[in-house]
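After this come two complexes, each holding subunit A, first together with subunit B and then together with subunit C.
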Partner chain A sequence: MAELSTRPLRLTINGQAVGPVEIPDDLMMIDFLHEYQGLTGSRLGCGQGICRACVVILDHDDGTSEEMRICITGAHFFHGKRIRTIEGHAEHGDDGDVVALNPIQRKFVDHFAFQCSYCAPGFVNAATVLVERLEREPVARADLEATIDQALGHHICRCTGYVRYYQAAKAAIEELGLVKEG
Partner chain B sequence: MKYPRLSRRAFLKGSATGIGITVAPLGSRAFAALFEPRVTAARDQWASPSGAHFRIDAISKVSGAKVFARDIRARDMPGWPQQQSHAMLLKATRADRTYQGFDLSLLDDGLQPDRIVTSADLEQDGVGFPESHGPDPLLPEGKTPLFLGHPVAILIWHDFARYRAAKNALQFRDDLIRYGAKTGEVERPPYGSFRYVRVGGETPYDPDVFSSLKDSDLFPTIKNRRPVWPDDPSLNGDIGEQGVYHARRMQDTLDDPPDNWEVFQARYTTPYIEPAALEPDNGNGWLDPDTGTLNFVVATQCPFESAHETARMLEGSRFDVRHLNVHPGYTVGYGSKDHNIFVYYAVIAALYGDGHPVRLANDRFEQFQSGIKRHPFDMDYRLAVDRDSLKFQIFRAHMDVNGGGRANYSASVAAVGATAAQSVYYLPRSDLATTAYPSRAVEAGSMRGYGTLQTMAATEMMVDELAERLDVDPIELRRANVLEAGMKNTQGAIPGGAIRVGEMLDKAERHPLWKERTERRDKRQAEDPDHLYGTGFAVSHKDFGTGAEAPMASVEIDAEGRIRLRQIAIDMGTGTATSQAMNVVDFLGRPADDIKTGETDWPELTLETSGNPYTMQQAEQDRLSRNPRWTPRLASPSSASNSAYYSSHATREAARLVFRHGLWPAALSIWGQGIYGGQANPYVMRLEDARWVEGHLTASGMTPIPLAKLAAKAHEMGLVTAASVHAFNRWSWASAEFPLNDEAPRLPLDAVAVKYGDDDYHLLDRRDVRYPDVQLNNAHVTYYSPVATLVDLRVNKGSGEVEILEHYSWVECGKPIVPELVKGQLEGGIAMGIGHALLEEMPLYEDGPGNGTWNVNRYQLPLARHCAVWKQGSEILPPLSDTDPAKGMGEVVMIPIVGAIVNALAHATGQRFRDLPVTPERIKEALHG
Partner chain C sequence: MRRLLIGILLVPGLTAQAADDESLIERGRYLARTADCAACHTAEGGAPFAGGVPIASPFGTIYGTNITPDPNYGIGEYSADDFYHALTEGETPSGRQLYPAMPYTSYHLMRREDADAIYAFLMSREPIARAAPETDLSFPYNQRWGVAFWNLIYADALEPDASSSQSSAWQRGQYLVEAMGHCGECHTPRSWTGAMDLDRHLEGGSLAGYRAPSLEAEALAERGWNRDDLAHFLKHGMSPQGSVFNEMFPVMHHSTQYLTDEDLSAMATYLLGDTPPEARRIEPRPLETLSDSARRGRQSYLDTCAGCHGGDGQGKPQVAVAMNGNTTLRLEDPTNLLRVMLDGIEARDFPGFARMQEMPGFAAHLSDTELADLGNYLRETWGGQPGDIAPEDVADLREDSAHAAP
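Presenting the complex of A and B:
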């Protein structure tokens, strides 16, 4: 039998050092999170990098971050890197219950933004990346809706028609003071 | 309406097979020990008596908690082995040759499956399969596949790495399956064929001359796999022949109409649609060899059916399964996880796990290849209108429905589609014929709209075009023909309650999008010569429920005032858990503290069933109903927009009993304490004066009492502290008298159990049960919710691309339980309708999803840019009073948008499109030839 070729992976997930974990060379990151880490919040939608239900946040050393589609990105790409998944945004109490949500999560909840929620992790991560970018460089009022369109526009949701996700993101950005007036 | 194909006899506790069944939803409090954090939030977080602040499951869902069955692995399940096995289905992708086995030699030895399951295994081991999903769940060698993608084997690996590597090697290979002699497609008779003929009386309110409800539905003879109707029907023939006689007379009149009639005829077709529920089908099961317990985590809209059919599968098998633990997750399906065969493949995988937990979970390619689809319809419509009065005269709609390779609600979808084709109009005479055919396509089944999307959208396109032909305003033509309260539908039944379509027409007519449509179009086109602009309108009303609804709920209040609700309904993202928890507010002053959805373990309601509620004769029903434990149906799936009204009925009736026979007498006792009847004595105490104010009960000026104090008193006095109820609805509720505290109230329920104080449940012996007459099956629908939609769009002249610029909708759904959830359903339904109208289609056969290569890279699901996210509005019509029931609206919301888009395209381009979706290619062809 031909052995599956493997090598060790080390990375940081939600602030926690993980690894080394011996995994196949060609394992996709989504499978690593699901099957090796028990983190199933990043959802497999299409497996083609189109629907973006799977996206996580990749944090760069310069303080910027970006969405990564982990159904089409090998796990070893993330060796030595830092990512945030949907499980990492909220604060949990000692009993494991959520005690605080990030601003995007909070607005999504308050706006009844999702229904089945399968796509919600992708939207949370995309909108969180957007908010963090706008914290560095706020958006002009006139460009706000277009900016949200651009940030979330490739994500697929089959339940909601997107309306409440968009309205919630807009409300969060406004309330966080990330809109330049005038 | 759905027709279960099995006449079954089962019990709510356990099953007829002798295999004990328990169902513990993943999100339930009872299961909380197994899954942390819990799915549902604490009551004081998510809701107050005045409303829901957010969904009860929102915190879990937004933070990536394990809420779906798909999220669960063996290590998440207490007591399961840690090692997770994985399985995949091997499928034949041709349906014109015999299947002659498979060849996995391309896999290295190390990647060969640890276990392969074929039809021979099932036969040898005595594993049955639900009859309604047959035949040949795994195709035996020598037979021709019934459809593209017919499974032939289940392959199991006991570790993920090898499974993944092997699956990567096997997927998309069409050389794994060996085929033999060419046979052509397997030919079979139709799944169902029906006809609904109505000849109304002198006025819409007079008795019908002939109709389904008054007389009968019509059924053809099947010859050469086609429906055949009598050649020379007579009024003196049997009831069926009489119906066809009337249909023939209508046809004759349409062929040779009076001079002042306009007869419109057109053919409409609809696409083959992938539901694309983002959670693909999945199940994960472990057969514990020590205890004989099959533990099963599953994504389903019908946990009750899934559990009981699984038990039946195993009856008589070599597997020593003594108990079945089913754990349904929160899920999503739009109908596609109702009556879904996938569940049973996952069960088989678990059986053959050799002691390992086995997970069978589709990826998106596999979901396209095997998931249930929306039926394509091919409709031939004829509508006659009197040019002077603008009144419709005769509607004739004959339609063919492609059900694909397995019978799955296809007959029912065809029937529901036909009986919905009238849309919102009164039709004095109608002839609706429909046939569902099998084909080699991937099976179609229950999907949002359930045939009505297909037929009503076509009707709205037809009426709009007819208005143009008559040179009248499309809304005016609609108003002239709208079905009003008391008038009959095409089956001869009178819809329930007020009909408020007229209000919607008035509002739409006054809306700037409509009023200014032509002047706006002309102005824009002058400014923007690259685009054509148009505005369209459509309105529809759709049934909710199936004609055999069987909701169950229990409401319990403990001595501290904590409210616990159990519901058989399952949350598919629509917010059922949230809205059901809110339903008790009217009676108990605040939402439920704990809710279990997907509950099917109801030991207190010892009910049994037999017969088919849709087809039984009256005499049979009368005989069976003498058994005080009998009900026409044990349980309903979560489908057919049934939670808002039917599930709520059970929740509210249970809560009402706890209030009426528990909290209210407890309150009277407290207010009556002291000499001469205490503070209550100077006043008159009436139940109807009871009011909850900030969680306290008052009435007629009495001191408000907090719920906890009332609950404690009810427990102390041995009053009713819990009620568990079952109801049955066949377009009307069954009722019976139940002995309660020296009373025998008639309740719209057919089973009630109550707790007195701290006691266990007592099943009340019902008396004088009255089930709705079986003839009401022929009503086919009496509950409707209407929606109207205006759409403004533009078309790129060069590319044919359509851009929806703005839309506005009105929905009437009685008294909404949680308005935000209603709006969410509306917004999402509109998006799905946009996909149906403009974007989504697949080939049915060899190039279609059955070949295993389809995914969203070539199946365009609506994105935000397709939906006018920032430029849409809606209005929920205020209820007539706060006594309006909540009405189901999860499906109707997606229908008017389809007709409105196509009508807007006609306004923009001058072209009428009748084949959906209206793709850029079709538009370019219409514009440029």
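Presenting the complex of A and C:
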């Protein structure tokens, strides 16, 4: 192992500027969120980028967003970048308590789209990235099912709650008017 | 009663004949694997040997043909003589020349009895009445006469080595590598006509944007190969030097994994020689001795690679290969390394329930400079190579990737 060298990290998490924080060169992003930021909603599952329970959202300057697997991505990869975690979706009151879920979270709750909940943060973030993509370019009704499958299909749910994840995402997309009819 | 007696008397003879046929067919099944017929003649998800595999060539896409015994679409009307002639001369019974994607320049060295066994095996398969897609090559390579002309110049150039000073394993290996496995078809550079440049036999070729590395003994040893690891690599698709990827994956998947340990060892003996050069070991270079570019690249390694390949390049079993000892990093030409970093590698199942997961491509996440620095870090630390990748080299490959067929 190389010597434990550190460097400063500065980034934006859920709209809040964070850092500079002096952290080890080889710290994984999930450990940074858990151990340095107290943001434990992103889940460590496989630790090798397969299950996607750890997925957070990376926001690009051109307005697009994408999923990032933070169990295999170093914290310093995100230097100067903007991310959203599962903690950033709901509306919080002054005391920090959740006062309102966002529409995607709401649909996940309505459809009971979680069982043990371990993979749910990754699914919600993936669904959010999908919704944001469809806001830029709505999907034809005929392509809706395949589009959801493509966006969420790589995420693993050990409880096999896939049908409800699919239904929740579909309901959110429809309610937000992102389906082109005909 | 008399009929029954005759029947009983005939049975042993028939059984012996059937057993002979069965053993010939089994021999043919094995030899078809050594010759990797399925790689081009069995489409993914398609019926065995019914053709349809698209084979990219610099001149256009060539489709593997149907070689099931169907009389209309396959080789059902071929005699054993016809089959041998097509295999070794590249000419069909009707006098039509085969495109040289069919490696008859290598099969030219195949023994008649082996061709006959493969013939018996293929004729015992289910006939599939299905036409393979038509090959559509651009002028002048759509001209069969052009290919016939090519044959005139090149087809007889590769002759079997008659000298017997080598071990029997070496000679068996030569036959498997040169005639059956036709390794030279990818690992030998090609001239502008597309024919193998036989003066540079096994020195390494190019294929769909990747380099097929040199298989010369000194080059293999320089990249860390010894006989056991090479045989293991062909059998299992992975070894301490890395795992098969790109166009070498189907070779292992359809062919080499099924070869006997003895034959694989023979191939390794032929490639490395009866007295193999010693495999070169490389000690990882400490960070403080690396170039500025490589030292910058270390942070990209920790950010995007170390999660799977390990902070010390030790890899993770069934997930990602080790960088420490990796043979691709040790190629003087960094093309394969850069292509993999840009494009990634798809997830693959390996023999014995083993698996390597997908490697993501980083074309969208790392700039040309970051990829050059990262490549230089890998080459200097574990490859024994200089950190001479420039951002422009990455830009050129990125351009190629954008145009390459998926």
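The rule is short, and it goes like this: the second predicted complex is superposed on the first by the 177 of 182 C-alpha atoms of A that agree within 3 Å, B and C clash if a C-alpha of one lies under 4 Å from a C-alpha of the other, contacts with A are read in each partner's own complex, and residues count from 1 in each chain.
We take it that a contact is a pair of C-beta atoms (placed from the backbone, for glycine too) under 8 Å apart; a residue touches a chain by one contact, two chains touch by 3 or more.
Nothing here was measured: the structure is a model prediction, and the numbers come from that model.
After alignment on the shared subunit A, the placement of subunit B and subunit C results in a side-by-side fit free of clashes. More residues of subunit A lie in contact with B than with the other chain of the pair subunit B and subunit C. Touch criterion met: A:T40 reaches subunit B, while subunit C stays clear of it.
In the superposition on chain A, A:G74 makes contact with subunit C only, while subunit B stays out of contact range. Of note, the Cα-centre angle with subunit A at its vertex and subunit B and subunit C at its ends comes out at 90 degrees, rounded to the nearest 10.
Using the contact criterion defined above for the overlaid structures, shared-chain residue A:A142 touches neither subunit B nor subunit C, since it reaches no partner. Look at A:A100: by the touch rule set out above, it reaches neither subunit B nor subunit C. In the superposition on chain A, contact of A:Q48 is made with both subunit B and subunit C.
Between subunit B and subunit C, the smallest C-alpha to C-alpha distance in the superposed model amounts to 5 Å.
Touching of subunit A by both subunit B and subunit C, each in its own complex, is seen for residues 1-2, 48, 50. Put simply, subunit A touches subunit C in their complex at residues 1-2, 7, 25-26, 28, 48-50, 71-74, 76-77. On the side of subunit A, the complex with subunit B involves touching residues 1-4, 23-24, 27, 31, 34-35, 38-48, 50-51, 53, 85-87, 89-90, 92, 95-98, 101, 105, 108-110, 112, 114-121, 124, 145, 149, 152-164, 166. Within the complex, the subunit B residues that touch subunit A are 36-38, 53-55, 57-68, 70-73, 75-76, 84, 108-111, 160-162, 164-165, 275-280, 330-332, 334, 363-365, 572-575, 820-821, 823-824, 827-832, 855-857, 861-865, 867, 869-870, 872. Considering their complex, residues 287, 298-299, 302-304, 306-308, 311-312, 316, 319-320, 357, 360, 365 of subunit C touch subunit A.
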